[in-house]
Every structure is written in C-alpha cells, then in structure tokens.
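You will see two complexes here that share subunit A, one where it goes with subunit B and one where it goes with subunit C.
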Partner chain A sequence: MTRKPTLAVWKFSSCDGCQLSLLDCEDELLAVAGAVEIAYFLEASSAVARGPYDLSLVEGSITTPHDAERIHQVRRVSKTLVSIGACATTGGIQALRSAHRLGDLVSAVYARPEYISTLRTSTAIADHVPVDFELQGCPIAKAQLLEVVGALLAGRRANVPTYSVCVECKRAGVPCVLVSRGLPCLGPATQAGCGALCPSYGRGCFGCFGPKEQASDVEAPSLASAFGR
Partner chain B sequence: MTRTKTIRTDYLARVEGEGGMTVRMRDGEVTDVKLRIYEPPRFFEGFLRGRDFREAPDITARICGICPVAYQMSSCLAMESLAGVEVDGQLRALRRLLYCGEWIESHTLHVFMLHAPDFLGAASAVELAQTNPELVETALRLKKIGNEVMRVVGGREVHPINVRVGGWYSTPSRAALDALVPDLEWALEASLEAVRVAAGLDFPELEQDYLFVALDADGEYPIDRGSALVTSAGTAFPVPAFLDHVVEEHVEHSNALHARLDGQTYLVGPLARYAIHRELLSPLARAAADEAGLEPVVRNPFRSIVVRTVELVHACEEALRLIRAYEQPAEPALEVVPRAGTGHGASEAPRGVLYHRYRLDDDGAILDAKIVPPTSQNQRMIEADVRAFVTAHATLPDDELRLRCEQAIRNYDPCISCATHFLRLEVDRG
Partner chain C sequence: MAEVLAAADLGVLLGALRARGYRVVGPRVAAGVIQYAELDDAGDLPHGWTDEQAPGRYRLARRDDDAYFGYAVGPHSWKRELLPPRVRLWQASRDGLAVEEEETDYQPTAFVGVRPCELAAIAIQDRVFLDGRFADRDYAARRADVFLVAVECGSPSSLCFCSSLGTGPGATDGFDLALTELHAGEHRFLVRSGSSAGNAVLADLPTRPAARADLETAEQVVEAAARAQAGRFAAEDVHDLLLRNLESPHWDAVAERCLSCGNCTLVCPTCFCTHVEDTSSLDGETAARDRVWDTCFSLRYAEMHGGNTRPTTRARYRQWLTHKLATWEDQFGTSGCVGCGRCIAWCPAAIDIRAEVAAIRQEDAHAHA
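On to the complex of A and B.
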C-alpha cells in the first residue's frame, strides 16, 4: 500500500477562520482525514508528526521578524505550499497598519510599546517564499479549499475561477445592486468564490475574495473613490 | 539539595491561536506559571481609528474566526447605544438567533473536537473518530447545524455579512427559518445526550473559589446583549462602567497583560453564566443540568465541559423558540445617525463577556476603540488554576502533569487570536 500524503496546517498572523473552514467541512472532514495523514494541525490535534510534509496549508500574514524566519522553515519542510485566505495572500486586514505610523498603533493598544516586536508591514506569504497556489478569500470558501487539496493531491491543476463576482451575480440571477440600487459594490474588481453573497443579501460587495486575476491596479480604488469611500 | 523542574509546552494544541505554557517548580512547590502568548499583535484598536462607525462590525469580526458574531454584536450595540437606538423586537430576535448559531458551532467545536480528546485519551477528534465514531459524527452534524443557522441568518458561518449597525441588510423569510426546525430538533436531542456523555467523563480533582462575572440581560440568560455586569459576590455595575472596574495590569512574572476586576482575579464564560443565571436556563437545559447532577455552582473547572453542553441545550432550545415566534419584520434595519460621544457594548461570546467601547466624532468616524475579549479577562484565572492543580498533584509523572495542565488551560476554551490585541508578547532579545 502506498503511503498516505501528509498534510500540515500552519498559522501566522490571522483570526483562525480559514483553518476553521477546514474543520467546517463537516461532511468531508473524515473523508479528508481518511485520504491524507493530518500530520501537523495544532488547532485540531496535539499529535505532531515530523516533516517533511507533502502539502502545507498556510494561514496568516507575516508581521514579525520571527515569523519572517519561520516561513522559510515551513517552506523547507513542505513539498507543496498553498497560502489560504486574505491574510496569507495579501497581508490581510492587519495590513491596514501601513496607513498609520507604527508607533501610534503600538501605543494605542499596548501600554509598554518597548516590548512589542513587530514589523511595519503585514505581507503575503508569497512575498517571502515561493508559493504553489494562492487561495483567496476572507474567509476562504470551503468548496474551493477541498478542490485545491483534492487537485494538488491528484497532481492536477486546481479549478478555481478567476473571474469577478459579477459573473456569480449573473449566474445566480441576483439583480445588480450597483445598477438597480446605486449601492457601492466592489464586485466588478473582486474575484468570485463567495457565490455573490453580499449582493444576494441586498448589500454591495466589499471585496472579501480580493482582486480578480486581471483586475487593473486602478479598478478597485477608482470604484471605491467613485462612491466617496 | 534544591530540586527544580520545569514543565513546558511550547505550542499548545487544540486552542484557537498560538500560545505556550511554562510551569516552574522548586522542591515540589510551584514557583512560576506562565501562559505565554506569542500570537503576533494585529493592532485592531489602532487601525480602527479614522474608520466609519458602520465598518466596525465587519472589521472587528476579523479579530476571531471562531466567534465573529460576538464582535459584530458588541460593536453594533456600542454604536447603537451612542446613537440612542435600540434594536428590539424581531430584529433583535434574529440577532439572538444568529448568536445561538455561534454558540452551537463554537461550543460543539470546543466540547467535542478540542476538549473531549483530553478526557478520552486521544490526540484529536480525527483520532477519536477511530474509537468513538458515533460521538464524532454527532459532533460534526451538531456543528453543521450551528453553522447552518449562521448561514441562513448571517450569510455565512465565518465572518457573516448580513449584520449591520441598526439591524440587517436583509431579513430571512419565515419559511427559511422554519426549514431549520427539524435539524434544530435533532440538535436539541443530541445536545441532551451530550450532557449525559459529558457528565460521565472522569474529571481531575480541583476546586477553586471563583469570582464569577457575567452579563445581566434583564431576566434572560445572557447571550446577545446585556445592560450590566453582575458578579457572584453580589455586586453589579452598568456596561458603560466596565473600564471603571476592569483594569488591565502588567504582572511581573508574565509577559501578558492581565485583567482584574476591582483588584481581583475573576472568571467569565460558561461557568460564570451558569453560576449566576442557572435559573434563567431553558427548561430542558435546567432539567439536563439537574439530571447530570450538576450542582448550582460548579467550582471544578474541568467540569466546564458539562456546563458547555448544558448551554448547548439552551442554545438549541432558544433557537427553536425564537424561530417559532418569528415574524419577518417590515424593514431590515433601523436608521442609526451617528453623533459625537462614547458608546459601550457588551455581549456573551461563547467564552465569556466581550466588551467594546468606541469614541466617535460628529461624522461617525472612530476616534478611538477599546476591545476587551474574554480570554484576556480569564488569563489570570487560567494561570491560577494551573498553579493550584500542579500544587495539588505535584507527584504525578511529568508527562501526565503536562497533559493535565494543558487540559486545565483548555477548560477555558481560550481564544488567543482574540486576546492578542491585548496580550503582551514574550520577546527574547537575547
């Protein structure tokens, strides 16, 4: 019998929500656990198997000098590395720090700033090490996660769409909230994956799944500024 | 001769976020206990400054993927209280229903998948699935039902998109909620069984004299809101006075800031809610607690797993009650006009009281934000429990002692992701 591929799940600066998405695959979790050896997944298990690992899922962004080192160790023990979620693929919400002076932020939260060891930036995993696949989303979509894991283990290309949320709205028959209601909507510049969630609840898209593949650098900002936000 | 020993776990497993633990002993006496937090700081309170007040629910949800609803509720309540708006009636009933979904999801995750393996000698729920497949299948279905409630009401289970200051973007139809009823009825039965299973576990011995703190929700078991905080010592104060009583301190032996209430170490979460509000539990939850032989005040922290299952029953029964009484409101939200001032909001996250305070300017821009999550409040108590446990069981072999200390930490379902805009990092500058 061939050895089961090993799966590792790593966390950097994040909310844990994308790792939780794996545990939220209630119908598929035991099947996944049967197909792979979950070798390192601290949120779920205290058993830790030594690397190297066939597939590493990495959640979170790089925000400390220590993590900037640690991600290289993770890369070294990972045959295939997939960054999951907005933090790991873009720096995430904590990248908003870049709009502020770091000293102001630290002293806004911590009484003794001299003990805080942090970087000025919050950066994506791919800014530090080569990444085999980036799965966008805040949080990631469970179906896409299962597709990526399945595809990589089967040695095929993951089928994750790179078109915009607009396509999902049209397919779902959701009336365009931007056109019909004049609501600010980032859908045209945002990658699909949520299933047109916000528009179907009568709300403009606010970009959880990040820029679509061919979004121009000006598309999202100009969309946003058109609405004065 | 002096004998010293250190029991250390570098990476705590089965908790949300990254932390470690060190216990130092000398001649059988505990000299130091540290719950070390090395989750990187994310500065939410810092970058909330300048953002529009309506963005707070979506931004703060990202503090925690396990309890985003708690953040959304506490932030909405703070903004609404400042604007003088009270979200009530069915709009509020939906909030409580969404929150019940989060309790079901979060408590199930913790009870079955993170905590039960400690009691049953497994490394994980996946390993448990080999020895106790029915238990794990029940857990997965229960968790899925909690998630389904969050999906129907909130749009999705992690970082729901339907919550807004003033109410909702859209409200579900009566039929959409009715469709949840069969699953929730199953969940209620499964939760009752979970109480029986949890009550039959073996609990390490430890009795602590806790100061319990929970929200007071005007005659309801506190979940989605509360007007005041009450303590087991009989004191009470309104939510806006939270920071007059809860003070964060730097303790020499630890790198973490610790909260104290009027100078005392205290506990928030299921044990506290249960001790203070047992009489307000739903009828089946109270009956299940009685049947499980749960005393009115549980002082053994290892038995918190039983209290969580009792709250699971409560959340299922409450969700069913809310759905049966539901009528779709005419409008999904109330108008909230911001004004300059300070707003306070608090709700009961699965792990305990979550307090938010925001100061706004006239245009509704956030001038500053303060968030006190439950894990920060419990941190001193966690360390005190570990210290007491090790003192009482110093003769246990090291490995066993280490496992039990980890279990004692997991009693609190600590959420380190939540706590890190608050907790101090250990920085080795050597």
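On to the complex of A and C.
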C-alpha cells in the first residue's frame, strides 16, 4: 500500500476551539485516522513525526514576532496549507486591538507590560504566507472540516459554499426569525456552513461564520432596517 | 357536482385519505408560522389562526372564528415535497465500480390545503420537470401518487396578487378535491371533485348535495377574496416592459437594498434552481451525487469556464425579476409568478416585486413620454 498522507495541526493565537472540532469528530475520527497519518497534533498526542507534511491545518492568528516567523516555517514544511477558523482567516477577535494604541491596551491588561512582546496587529494567516484554502467559522463546523480533508484527499473541489446562512436556513425549513419574529439576524450577510444553527433554535445569527461572498456589497442600513420590523 | 361536508367531519376526509394509504401533509402551526407538515387529524390544522403579512414581515394572529384555512400562505411551499431541498441522485462504490441510482419508491402523499396559486405553481413545475424531452425521474416519481386537496382562498394577505395573474383565488382545475370553507350559518365546506380519484374519496365522505345557497355563498367567498386584492399588479405588459428596460437605472437602486441572500427564490413555489454536489468518503471507497436547492442570488450559480455572467447584485436581481415575470414566458409559455406574495413577505430587505415593476413602469413612461 502507498504511504498515507500526513496531517499536521498547528496553533497560533487562538482558543483551540477549531482544533477541538477535529477531536470532536468522534464517529468520523477513525475514518480520518484511517485516511491520513496524524503526524503533528499536540492537542491530541505528544508524538511528533518530522515534516514535511502533506496537509497542514492552521488555527489562530499572527500576533507576535515569533508567530510571524513560525508561520513561514510551517508553510515551508507543508504541501497544502488550510487555515481554519475566524482567527486564522480574519485575525479573529484579537484583531480588535488594531483600532487602539497597543501600549494603552497592554498596560491596561497586564500587570507587567514589559514582559509582553506582541505585534500591533492580529492578522490572518493569508496575510503572511500563501494559503491553499480558508475555512471560515468560529469555531469551524466539523462536517465542513471533514469535507475539506476528504476533498483534498480525493483531489476534488470541496463543497464549501460561500453564499448566505439564509440558504441553509430555508433548506432546513426553519421559519425566518427575522421576518416572523422581528429578531435581529445576520444570516443574510453571513457565510453558510453551520446549517443555520441559531435560527433552528429560534435565535438570530450573530455572524460567527464570518462574511459571505461579496459581503461588502451588502448595505448595512438595508439589513438593519429589517431588524424589529 | 358539488357536495357539502360539515366542518366537524373534516377529520373524516383526512381519515379517508390515510385509509387509502396516503401520507397526509398540510398546514399546521409550528415555530410561530403556518408550516406544511404531516397531519395526524383535523385538530392539527391551524383552526382559529390567520397570518398578517407585509413586506419583510409575517405574524400569526388569532381570528375571531374557528376557520381551519383562514390564512393565506406560509413560508413553505409544496416544492419541499416535490423538489426537496436535498435529493440523492446516485452513489457509487469503488468495489466493482458500481453506480446505483437511488430508489424512487415514494409513499403516496395527499397535500391538504393547497391554495389555487399553489395549484398553478405545481402545474408550472410539472411543465418544467415532466414535459419535454427530459423528464426528471425523481420529480416524476414523487409527483405520480400525489392527491391534491385544494382549498379556495377566503383570507388573502395584503401581499397576495393571484387575481392579477389569473391563478386564484378560486380553484378551477388541477385538483382531486377542492374545498371552499363557508362560515355563514353552519360551518361547512363545499366540496368539488376534479378527478376520478377525487370522486372515489368524495364517495367515502358523509356529505349532502350542495344547495343553491351553498354554491352562492362559496362564490361570494371567492369573489370577496378577488375584490380584496384588485389592482395590485398590472401583469399585461410586464414581459415587454422589463425586457425593454434591461439597462434601467432602477436595477442599481434595487441592488442597494437587495442583500443577495436568496430568500425570495427559496420561498418561491416555482423557483427550481439546484446544483449538484459531489461528495466522497474519506477512504475514497464511495462517492455520491446529491441535488441541492441553490439560488440565482449565489455567486457560484452563474460561474462558468472563463468567468461569471452575473457578478453583481444588480445583475442577479435583474435575472430574478426578468426570469420570473418575462423570460419564463418565452421559456415555458406562462409567467413564472403565481402571485403568492412569499418573496415579498420573506425578503429581509422588504423588497416588493410589485413595487419594483411599478417603479420601472413609471420610469419607462417618463422616458417614452
């Protein structure tokens, strides 16, 4: 039999939630382990196989000078690199710092600011190295992660649609919470992938899957006018 | 031939359908809307409920009577049954390279509470999927054993405009049974059969022959429903109007409001756009192809080798409106719109296709004055 493709999972500035989606695959985890050799995944095992790796999943954003160097090493040892989750694809919630003066923030948060070595910004992996695929979500959906891994193994295009959450909401037959209850819902501007999780439970989408395709063309006043109608 | 069924005997109709092996699907209140779902008995029907609709808004409200069908239409349409959101077309396994088409052995289903505009929508999808050289195997199989219980409209919403398109509020054909709910005096239904299957079910029901007063009352119900929505849409010239205004600046104005979310197409009972999704198992042993609802508001839908034919919201909105109201006619010989109002109610941005056409008409009159 031919050698199994090797998989590595890397962490930058993040909460680990996206990596955990992989462990959370439970039923499918055996299939994953059957299809790839999990060569580097500190969250799951301390055993580390040396690179290069066929597929690297990268979680987290680049927030320190060390991160900014390490991501280049990761890119060098990875044949295919997929960034996973909001931090890795957008800079994440920690990118909020970009709007403030770094010194103010550091001294407001840390008792000993002089120990902190950090960049002024928190940026996406793709801002630093070429990325082969970006998987959005906070955290990512495990079904989409399996789809991306499966598609890469099969050499086909992954079914990861970039249209709105509304499309999934309607397919699921969920009554629109915005129209039927006047709840604020960001579904029209948010990328599908979660299966319209929040509307299925009678709540508005708060956008955790990030912007959908051409989201910058969505006029905010038009969407906001829908809330509470 | 028309008969009268007491409202209290509505459950007998549902029972008769079930006894003939039908799965019975119809309106019921769930999650704050009237949805289509399986019905166990007449108690599941939304009696005493109505819907209040406005652009971008839908609310349930109590009626002051106990009408069973005293609402207009909800977010679901019968395409959920006939063209479900996801259908497996085939699967294949590496083992012997076997490709299997999916079984299409569906349980016969009775649709209860089909509105006249929905009969028209089903007829439109029948034309799309059954006529011509390529009949759709899955649609044909689902459609084959459907029993249609239509209910004429007595409570159109403020968004209904079927009377302008000739698709309602009365039911003339395309049903197995058609009911009209009557309140004046005794709460009852006028029942007409439109097929031999309808005759057979009707014969099982504890009905009495309709008297002249019953027929007149039923006519009045439908006439009042038509009057309530008179003049809401001018359909006669819309085909040429839209096609001679393809470069109208109004498309830019709509594009500023439109979110490209796709809700309008997904709730529309005639919209049929899907894409196929190929998947494979992680071990590479099996693969499958599903057909999934898509929308012409998704970017990918117009993606082809060499580029995208509808790269902007302006282009996509124009595609939606001109296809529904103009080019559909060239393609299938009818309008693609039956006037149900769903796309207006369920548009988060409250875009009203009637108002958009009116704006283009006004601009057109101005330009040609």
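The criterion applied here is as follows: the second predicted complex is superposed on the first by the 216 of 229 C-alpha atoms of A that agree within 3 Å, B and C clash if a C-alpha of one lies under 4 Å from a C-alpha of the other, contacts with A are read in each partner's own complex, and residues count from 1 in each chain.
One rule holds for everything that comes next: contacts are C-beta pairs under 8 Å (C-beta built on N, C-alpha and C of every residue); 3 or more make two chains touch, one makes a residue touch a chain.
Here the structure is a predicted model, which is why all the values come from computation and not from measurement.
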*Do subunit B and subunit C fit side by side on subunit A after the overlay, or clash?*
fit
*Thinking of the overlay built on chain A, is A:Gly150 touched by subunit B (first), by subunit C (second), by both, or by neither?*
second
*asked:* Contacts for A:Thr6 in the overlay, against subunit B (first) and subunit C (second): which applies, first, second, both or neither?
replied: neither
_Quick check on the superposed pair: does A:Gln136 touch subunit B, subunit C, both, or neither? Answer first, second, both or neither._
neither
_On the chain A superposition, what angle, as a multiple of 10 degrees, is formed at subunit A by the C-alpha centres of subunit B and subunit C?_
110
_Greater subunit A contact set [subunit C / subunit B]_ = B
*Pick one for A:Ser56: touches subunit B only (first), subunit C only (second), both, or neither.*
neither
*Given the touch rule stated above, what does A:Lys170 touch, subunit B (first), subunit C (second), both, or neither?*
second
*After superposition on the shared chain, which partner residues are touched by A:Ile93: those of subunit B (first), subunit C (second), both, or neither?*
first
*asked:* By the touch definition at the top of the document, which applies to A:Ala31: first (subunit B), second (subunit C), both, or neither?
replied: second
*When the two structures are overlaid on chain A, which partner does A:Ser78 contact: first (subunit B), second (subunit C), both, or neither?*
neither
*Of the two partner chains, subunit B (first) and subunit C (second), which one does A:Pro161 touch, if any: first, second, both, or neither?*
second
*asked:* What does the superposition give for the shortest Cα distance from subunit B to subunit C, in Å?
replied: 11
*Residues on subunit A in contact with subunit B in one complex and with subunit C in the other?*
202
*asked:* Show me the residue ranges of subunit A that touch subunit B in the complex, using the header's touch definition.
replied: 11-21, 23-24, 26-27, 29-30, 33, 38, 41-48, 63-64, 66-67, 92-94, 96-97, 99-100, 104-106, 108-112, 115-118, 138-139, 194, 197-198, 201-203, 206, 208
*What does subunit C use to touch subunit A in their complex?*
30-33, 35, 54, 56-59, 74-76, 80, 85-86, 256-263, 266-267, 277-284, 287, 292-295, 297-300, 312-313, 345-346, 348-350
_Can you tell me which positions in subunit A touch subunit C when the two form their complex?_
28, 31-32, 34-35, 146-147, 149-151, 153-154, 156, 159, 161-164, 166-167, 170-176, 178-182, 185, 187-189, 202, 213-214, 217-219, 222-223, 225-226, 229
*In their shared complex, at which residues does subunit B touch subunit A?*
11-18, 38-47, 49, 58-59, 62-66, 68, 109, 113-114, 117, 123-127, 129, 136-137, 140-141, 143-144, 147, 155-159, 161-162, 164, 169-170, 248, 250, 255, 257, 332, 368, 406, 417, 421-422, 424-425, 427
